[in-house]
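Consider the two complexes below, in which chain A is the common component and chain B and chain C are the respective partners.
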Partner chain A sequence: MTAVPERPDYLRVFLTFARNSLVREMIFRGNFIIDTISSMAWVLINLAFYTLIFRYTPMLGADTGWGKYQFFLFLATTLIVNSLVRGLFMENADEFGELIRTGNLDFVLLKPMDTQFLVSLNRIEWSALGNLVLGLLLLFYALGKVDYRPGPVQVVLYPLYIGCGVAILYSLMITLAASSVWLVRNQSLFNFWFYITNFSRYPMEIYRGDFGTPLRLFFTFIVPVLVVVNVPARLLVRPLAPQSVEDAVLPLFALVAAAGSLAASRWVFNRALVSYRSASS
Partner chain B sequence: MRAASAWGHGLPGGREASAGDVAETMVASLRIWFVALRISVEERLVYRADFALSTLMRFLPIVTQIFLWWAVFEGIQTVGGGRETIRGYSYNDFIAYYLLTMLSRAFSSMPGLASGITRDIRDGTVKKYLIQPVDMLSFLLAYRVAHKLVYYAVAAGPFALVFFLCRGYFPGWPDPPVLAAYVASLVMAFLLGFFLEATIGMIGFWFLEVRSLLFVYMLFNFFLSGHMFPLDMLPGMWGDVVGALPLQYLAYFPTAVFLGKVSGADLAGGVCIQLAWVVFFITTARVAMARGLRRYSGYGG
Partner chain C sequence: MAVIEIEGLAKSYRVYQKQEGLLASIRGLFRRRYRTVEAVCGIDMTVERGEFVAFLGPNGAGKTTTLKLLSGVINPTSGTARVLGHIPWKRENAYRRRFALVMGQKNQLWWDLPANESFRLHQEIYRIERGRFERTRDELTSMLEVRHLLGQPVRELSLGERMKMELIAALLHSPEVLFLDEPTIGLDVRAQYTIQNFLRYYQQERRVTILLTSHYMKDVSVLCRRVVIINSGRIVYDGSLNGIIDRFSGHKVISLQFTDGRVPGSLGGLGEVLSPEPPRAKLRVPRGRVTEVLTHLLAQHHVEDISVEDPPLEEVIARMFARCEERPTECELGHVPELLGEE
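This part shows the complex of A and B:
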């Protein structure tokens, strides 16, 4: 397009998307309530499992500092990041593969806005809000149970690193979704996403040994899913003073990783659009 | 419409069945059964590569479990006392437990069975079982057996590979009688899984929307069948309650048998209770279907 009359207001478009999604979900209110309750039930079951584990052990690993309530803080962080990713992007990434398969991506490409923005945020899943609330409740509950109090710096940094975590997971998800341009059937890929993020659900200290260390390095520096929860969660459970080189490097690396993942996913997304050949009828 | 009998269906014309008719019907049923089996086998083999890949992927969470439980046991050792087991399970037992529950679940999980039945009831597809000389439960069972057979054929590779790589976690092969009990409990886990889910699916005759109910069942199933952790870990009353439920026979029980956690009289008793649950749910599914079909009314073509 040669002449764009004015820059579209992205925020307003996003808010419209959010409102439309809410209206849509409110049409099927029963369904919305069931979705909310069922995802919260999964969380509660997981919580029960970890409570059970901590009946038997005081800590995950030797001297890692991840006691029961510290781990609950970790869990709360996982919940917050995951519910944001699910609420904002999950359904859209899922839909993206469908847009490619059916050729309906044509209609998105025609719109005078950034295609990645339109594809990524078209629909907001409001039922993820339940888990977000649950995550926040768990966060405050566990904060009341631990001795350590995070300072003002941590309080400021925590949301920032949550944002980084969301950015990293989003990038991974949209990259996988974009790859359906080349693969068409992407069911296994989404399972793959689920299994990869599975690694992000535990403190990185547990990946040790001949097999664990390479695994930890891989999922920290190559596919940075371990950074997603670990970096913000650590802010809440221990002083900022770094105890090792890794401790000092990691928060800085998280910023780089978030920016890098976004850039990489943008590149893959654009490559996918170039390879897209519609599906004419 | 006459209620379906154990293996078949009402004979056309409502006349009384003679011995010859019965034999003929039996042969016909078996033939239908084999056709259902063949269709399902062919259907499943279409996506075999995707299928083998996703089977291998399904073992990925085991990797995190290996590290998680290592950390748990490390944590236990820091407090002194040097306790090296949790309720009789060593670290190796835990890993073996998770691997074996995957195998139990390969037998007992019935993806889409209950929801498929309720869908058929809702959209009227169930009529075809009333018109055609095919008994719904037998057909679904044949379909499921085929589905599982193909699954084992394709999944045997990934399973063998992972179990071979993890052989160090296993205590070794159990004695032949225990192994026999293990195989029996796996087969019964399949039957129990099938008829339990079929029974739940039949609820669709009474309530049109059972999605949330199925979800609750899935949730309980995941937590209380022992898929998530060895049920021995549950404290006090919880353990007793879960021990009285049939869900534990879907994953926990076969695994515990293999690992030698249940033995002697407990083993024999457990196998008997499992069998009793299987019989119970076969009966319930049949009764529910017969009653449901009596209630059911289909219109149009």
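This part shows the complex of A and C:
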């Protein structure tokens, strides 16, 4: 029998992954419920904390434009980006190191599909959906409270930049995970992802002065985590009138950064596959 | 038509040499010593369509590494290989749709889900048309007697049942070439028997090309006409199963039963006495002396029953591996005829 080479159907495979993951999470429904509740609780505690901060100050830094509800829009964007990254990729990137260590990556490499796709989306963490919903609720609530109304351009661009943000965080995550091939065990490097992405959780305006500026430049142009939330969040809170050159360049740069990050992660991933040596039988 | 062509295929690994002790471990943080392990050292081999070849060798001989190279899971250090006209480590989808690898020690099915869910995933990955998928699945599950277990989570299956499911998952896309790495390891006799029967039937029916590694001689003797023995990364034998005994064993085993109920003490002078259980005894005798010893036995002793057999295959192979370990240079393919002959 001669098999006809056919193009793999990525969407159907993704949907099957999503379905199987859901069936699996339903089996352990106790765990699913606890996961959902604990991560939602974490969000609510954060929200309470920031509400408290805005009791003391009307704005984050003088003249930055990040008042309470503007910041809530920022927070909602962070939540949306993070829950997408967590739901789609986090468990998979974590598992990738394990696949390398145990040699089970063998099975992935046998499949007639893109290996990075199979590794990255194998398991969908449905419990992250709770935070996505919370993020969207917060988004609409805060939008009702600010004076500025985003127009149709922003409505179109916002999901695009959310996608860019997710792509950047994903790339960073899979790059760190792929380094397991050379280190065999690299839990700490994976934890590094959390430390770095912490920088993305605050508006860029706070990185100012002798100390803040180098940080801002580094985490914008070298490891572009600062554009992840800032670029889409800014779309919602201010008119499309750039106040500085950096402001004007940033949305364009975000697109480049997303494409560049993906390309870099793909390069590292493929290098890792060449170095993969499998594990004893 | 050759389905598998291997030329000078080699794979070496650099492994970290860890020294014993805490101090040495700390030193190892700064300066590491590495050792190069030659897992496969330049093997040549051709397999025709429809052949069922056994790959034998002691642990660490390079069998699994060879299968992994042919599956494209790892890249070789040097040499070439073509399977179905493809270079495996290029990992082209066109190639990956046409073969399968089953590893007895690893599992690819989703642990917490019923096997059927993993099968459906394979259906999507390989884009198997629904009707064909269901026919193949039902046929395979019936043949392996696991149809009633399709809906049970994989973690609740016995090892034998799970292995059958693994095998089915690998066969759903009707591969033309199948690499089986110890598919019956750890299984009970009944499960082994079912899998052997299944493989024999499936291979004959579909004319697939199979490369099998196993430590169970039963698997090999039931399934394979051709046997390739690999040791320390080199092929030391490539031929028929019976040929192994002719080539590697210079001995025959004479089984005796004596009339007077005793085993004569002088038997040791004729050959190596194995398991004397009066009135029976077994005598291991060099091939060239069999006639002479038989004549002597029949003339000097009261023998009730006598038979001459080849030594068990396991024993021949075990002795050969031991010998290879002691004198690796003698284990080149060219040296084989002398091997074990004068032992």
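By definition in this document, the second predicted complex is superposed on the first by the 277 of 281 C-alpha atoms of A that agree within 3 Å, B and C clash if a C-alpha of one lies under 4 Å from a C-alpha of the other, contacts with A are read in each partner's own complex, and residues count from 1 in each chain.
By definition in this document, a residue touches a chain if its C-beta (ideal position, glycine included) is under 8 Å from a C-beta of that chain, and two chains touch if they have at least 3 such contacts.
Because the structure is predicted, anything quoted here is derived from the model rather than measured.
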Clash-or-fit label for the pair chain B, chain C on chain A: fit
Contacts of A:N270 with chain B and chain C, given as first, second, both or neither: neither
After the two structures are overlaid on chain A, angle v-u-w for chain B, chain A, chain C in degrees (C-alpha centres, nearest 10): 90
Partner chain(s) touched by A:I206 [first = chain B, second = chain C, both, neither]: first
Partner chain(s) touched by A:L52 [first = chain B, second = chain C, both, neither]: first
Which superposed partner A:G61 touches (first chain B, second chain C, both, neither): first
Which superposed partner A:I34 touches (first chain B, second chain C, both, neither): first
Partner chain(s) touched by A:P8 [first = chain B, second = chain C, both, neither]: second
Chain B versus chain C as contact partner of A:P112, first or second or both or neither: second
Distance in angstrom between the closest Cα atoms of chain C and chain B, superposition on A: 8
Residues of chain A at both interfaces, chain B in one complex, chain C in the other: none
Sites on chain A touched by chain C in the complex: 1, 3, 5-6, 8-9, 12-13, 16-17, 20, 23-24, 27-28, 102-107, 109-113, 115, 274, 276-278, 280-281
Complex contact set, residues of chain A against chain B: 34, 38, 41-42, 45, 48-49, 52-53, 55-64, 185, 187-188, 191-192, 195-196, 198-199, 201-203, 205-208, 212, 215
For the chain B and chain A complex, residues of the former touching the latter: 50, 53-54, 57-58, 60-61, 63-64, 67-68, 70-79, 86, 211-212, 215-216, 219, 222-223, 228-229, 233-235
For the chain C and chain A complex, residues of the former touching the latter: 13, 64, 68, 71-75, 91, 93-94, 96-98, 100-101, 103, 105-106, 108, 110, 112-113, 117-118, 120-121, 124-127, 153, 173-174, 176, 181-182
